[in-house]
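Which chain is which? They are A, B, C and D, in the order written, and residues in each are numbered from 1.
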Amino acid sequence: MTKLYNDPTDFREELIEGFVAAYGRFVRRVPGASGVMALGAPWPGKVALVIGGGSGHYPAFCGYVGPGLAAAAVMGNVFAAPSAEQIYRVTKAVASDAGVLYCYGNYSGDVLNFDMAELRCQEEGIDVRTVRVTDDVASAPRGQEDERRGIAGDFFVFKIAGAAAARGDSLDEVERLARKANARTRSFGVAFGGCTLPGQSAPLFTVEPGRMELGLGVHGEPGVQSSHMRSAREIADLLLDALLAEAPSDAGATVAVLLNGLGATQYEEMFVLYKDVHRRLLAEGLSPYKPIVNEMVTSLDMAGCSLTLCWLDAELTPLLDAPCASPAYINC
Amino acid sequence: MTKLYNDPTDFREELIEGFVAAYGRFVRRVPGASGVMALGAPWPGKVALVIGGGSGHYPAFCGYVGPGLAAAAVMGNVFAAPSAEQIYRVTKAVASDAGVLYCYGNYSGDVLNFDMAELRCQEEGIDVRTVRVTDDVASAPRGQEDERRGIAGDFFVFKIAGAAAARGDSLDEVERLARKANARTRSFGVAFGGCTLPGQSAPLFTVEPGRMELGLGVHGEPGVQSSHMRSAREIADLLLDALLAEAPSDAGATVAVLLNGLGATQYEEMFVLYKDVHRRLLAEGLSPYKPIVNEMVTSLDMAGCSLTLCWLDAELTPLLDAPCASPAYINC
Amino acid sequence: MGSSEIAGAVVRRWLALALEVITAHEEELGRLDAAAGDGDHGATMVRGLRAANVAVEKTSDGAGRLLIEAGAAFSDAGGASGALIGALLSSVGRALGEGPYDAATVTKALQAGLSMVMRLGKAQPGDKTLIDALKPFVDALAAQPADQSLMAAWRAALPAAQAGAAATREMVARRGRSAKLGERSLGHPDPGATSLVYLLQAMEAALTEECA
Amino acid sequence: MGSSEIAGAVVRRWLALALEVITAHEEELGRLDAAAGDGDHGATMVRGLRAANVAVEKTSDGAGRLLIEAGAAFSDAGGASGALIGALLSSVGRALGEGPYDAATVTKALQAGLSMVMRLGKAQPGDKTLIDALKPFVDALAAQPADQSLMAAWRAALPAAQAGAAATREMVARRGRSAKLGERSLGHPDPGATSLVYLLQAMEAALTEECA
């Protein structure tokens, strides 16, 4: 439940102010817009990665702005996509001659607004491309991969696209790599309790004791299915069964792994679960690459977690490993 | 509420296994003990910083093991100090000829067990010193600073001690600097809801709607006082009033700031609160140095947060800025 | 007062009434959205209408221009409904232009708005969106006898919007956030269709007040 | 069976019964600890007793040795009570040595244990800790007539422990986790004192069973 606020109406504005005050060593506010840009951006000659979405997902999205990652993040109100106008303004602030890549989770509101902004930028001669993250296997069946929503897989796609942009890759190339990263990234999650929007007193959904939700969203949406509660070991198997069935046809043995907490789930629990995830991966002959067990894309104070696999190859691994420095993720 | 586990009795063991599986690129298990040590430790000629405490506080303690930070962390069961035997074994694994510094939050169980281990190590000729973190101003009045418990201030004291050790400072010097960091670090917190131990179904305490607890602990202890709920602005003032009254007599204008989430409090809320904290600090003529708004010392899934100030000087600042690499905190 | 001034006053009054009714139903709209979506529909609509009201406060323009300004301001509420309702208002405003503000012109303008929203959102009738309230309404408006007043035609068309919104209860979402939850959206009316009916009702009240 | 074997059997039986009764009261002890502490006292005691039971399973040693082993194993439960109860057991075991296991020797051993716990934990009577149950018990034991059997003396001293534990309800904690919460600890008995009474009661039962 959201407890710390002044006026819920000002929540986004105060959050942006506080974020910029805290992390002014990485980012600054985009003048006149609901968004933040990396210090030193725009970066001439480099593709600008612009990410964004509703608030309530920190570290996504503003936590991932900085060298080696995104040039800017557009910040909507809690769970509401930013408007096309705001996206447009943020894009203008960081666009370079090398072009712009929009990267965000695939949700109707985000698609509508980013698409409108893209159109407007293109009319002005800015080359903007879009790669939507569609990692959540629970949200649409195979064959309809493009319909799926984006959840924690955002992180891998942003990281890889950001590294390619920082390296100086062309817009075509950054777009191709982001698309490839997305195509090789799959997530599936479970939820144990809903989250509460600022100013409201009841959570978006509740989970009965002894039950859990499968296939959660990162906007407080309940899962696509309800189930009885299971042990960590069973949950590890359930998550991996769903993901391994989706391994790309040319998948190698190396997978980047993210066990992502949604907000209220304890780190300790996640390590217990990770133990069973790791064992199962090894048993499947897979080699977990630099696993991350952390909160990388949250849903306010929702209880639950998701597992993301990104099947790596010789092209993606160095991009994942490339240095970056942002408020929420540093690699060196 | 803890949802992910197999047998609650095995919780610590599975958590250690999962942690080491995930972050094997930073740490390895201390053979035959409940603890982890940095890859490459023991570091010859360098003081070994050994931290520890009960589990349930991740990233404290195991998340802070690595070069530039702790040589090892001893991991107790959830909210239970590790036993003297485990502390002893972990110490033996990382002790170098330069000696060992124990650093942990000041709680009866930790003091008892670390002291017993220290005695035993000293009998074996290992030079062990101890600096207990006592940052929580709510837990004992002025004049009884040594009685206070350690909460999020752990982070600054560990970071400074770890950097001094990595630099090659003598044990005397590392101890002195850790003690100085502790003396200049103060925290105060508020809680909005209790946490639930693994295998239990009820939280350790509950907070009535419309109320909050002042002076929380990081072990699910309720606050020392109950109050009506306040706005973010009022809470910022309340926290800072308590801390600023404790400024060291020789305090300069530069303060390191940590706004620490206890587990279930949303990052977005913390940024809203930070906005008001930052304004007030500036209004007081203080200059916030590289603020951190994050979960650095948690209390399972407790809702609440604490504010920590560490009054810096020319000696402490470079240590805070020194590079380090651990599962939960990287600086470069 | 000329017809253009009346029309401007109607738009202003409509936005004020719409904000009132949507604010009164903010929690209900949030709950409907929470059933299979993310619970923010009430908050987004309130935000959009607040901004729209502010935007038209400082100008004395005609109805068309006012709607364009209101739409731009509404869009900034973000989310799917910010984009769609914002685009609806602006496109109706553009089609309306300088008037006349009779039933036929307004109907044509609403048809333009409807097709803009369908083009943008790519939703079809039956997808459980605000289209399921908007399209029946626009169709019913177009089916009214040519000589009716706008107020009478509007009143006569309203039940079609209400019936359309009610029917969304039995539909499975195929567009927007709820789409991913498929079956789970069954049994709850679509929040966007529900709020659209409130908007249309507020316009009836505004027409009644201002044209009486 | 010699006295040494009987004594060993009593210790084993005691540990088994103690585990039973503490497990049955694990939640209650957790709740008492949660009132002003961290809620883990029940879990820690269960963990310690489980380990102690395992430790004595594989040996046929005398009571003194068994208690030393049990204490070492118990310590590993961690926390304040792991350290203190572990040290208590080991130090009683060391003082007991090879026996004889009469009331006088056992009383002396318990006095040794009590002072070890007080030295380690630095708590005084009235600080609201397990000392407030342990010290009255040891004092009462020492006050029994010299010719009584251990069982009779133990039984006679028990009420002092119970009264001591009950009295902690009105004390303000000055040691351990609850100390920081001062007044908030008022009105709840100390969890450590409460569990200590269960341990002493289990010993009475073990003595009754094994010496009957």
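Keep in mind that, in the parts below, contacts are C-beta pairs under 8 Å (C-beta built on N, C-alpha and C of every residue); 3 or more make two chains touch, one makes a residue touch a chain.
Every value quoted in this text rests on a predicted model; they were computed, and no experiment measured them.
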Subassemblies held together by touching, subunit A left out: B, D | C
{"item": "Between subunit B and subunit C, centroid-to-centroid distance (C-alpha), Å", "value": "54"}
{"item": "Distance between the centres, which are taken as Cα means, of subunit D and subunit B, whole angstrom", "value": "32"}
{"item": "For subunit C, residues contacting two or more additional chains", "value": "none"}
{"item": "Junction residues of subunit B - those touching two or more other chains", "value": "78"}
{"item": "Chain-level touch network, classified as line, ring, star, complete or other", "value": "line"}
{"item": "Subunit D to subunit B touching residues, read off their complex", "value": "27, 30, 34, 36-40, 43-44, 47, 72, 75-84, 86, 120-121, 175-177, 179-182, 184"}
{"item": "Of all residues in subunit A, those that touch subunit C in their complex", "value": "9, 54, 76-86, 107-109, 112-113, 116, 136, 138-140, 147-149, 197, 199-200, 204-205, 217, 219-222, 224"}
{"item": "Subunit B - residues contacting subunit A, complex", "value": "1-6, 11, 14-19, 21-23, 25, 55-56, 58-59, 63, 78, 192-193, 198, 201, 209, 212, 229, 231-233, 235, 259, 263-276, 278-279, 288, 290-293, 295, 298, 300-301, 303, 305, 325, 330-332"}
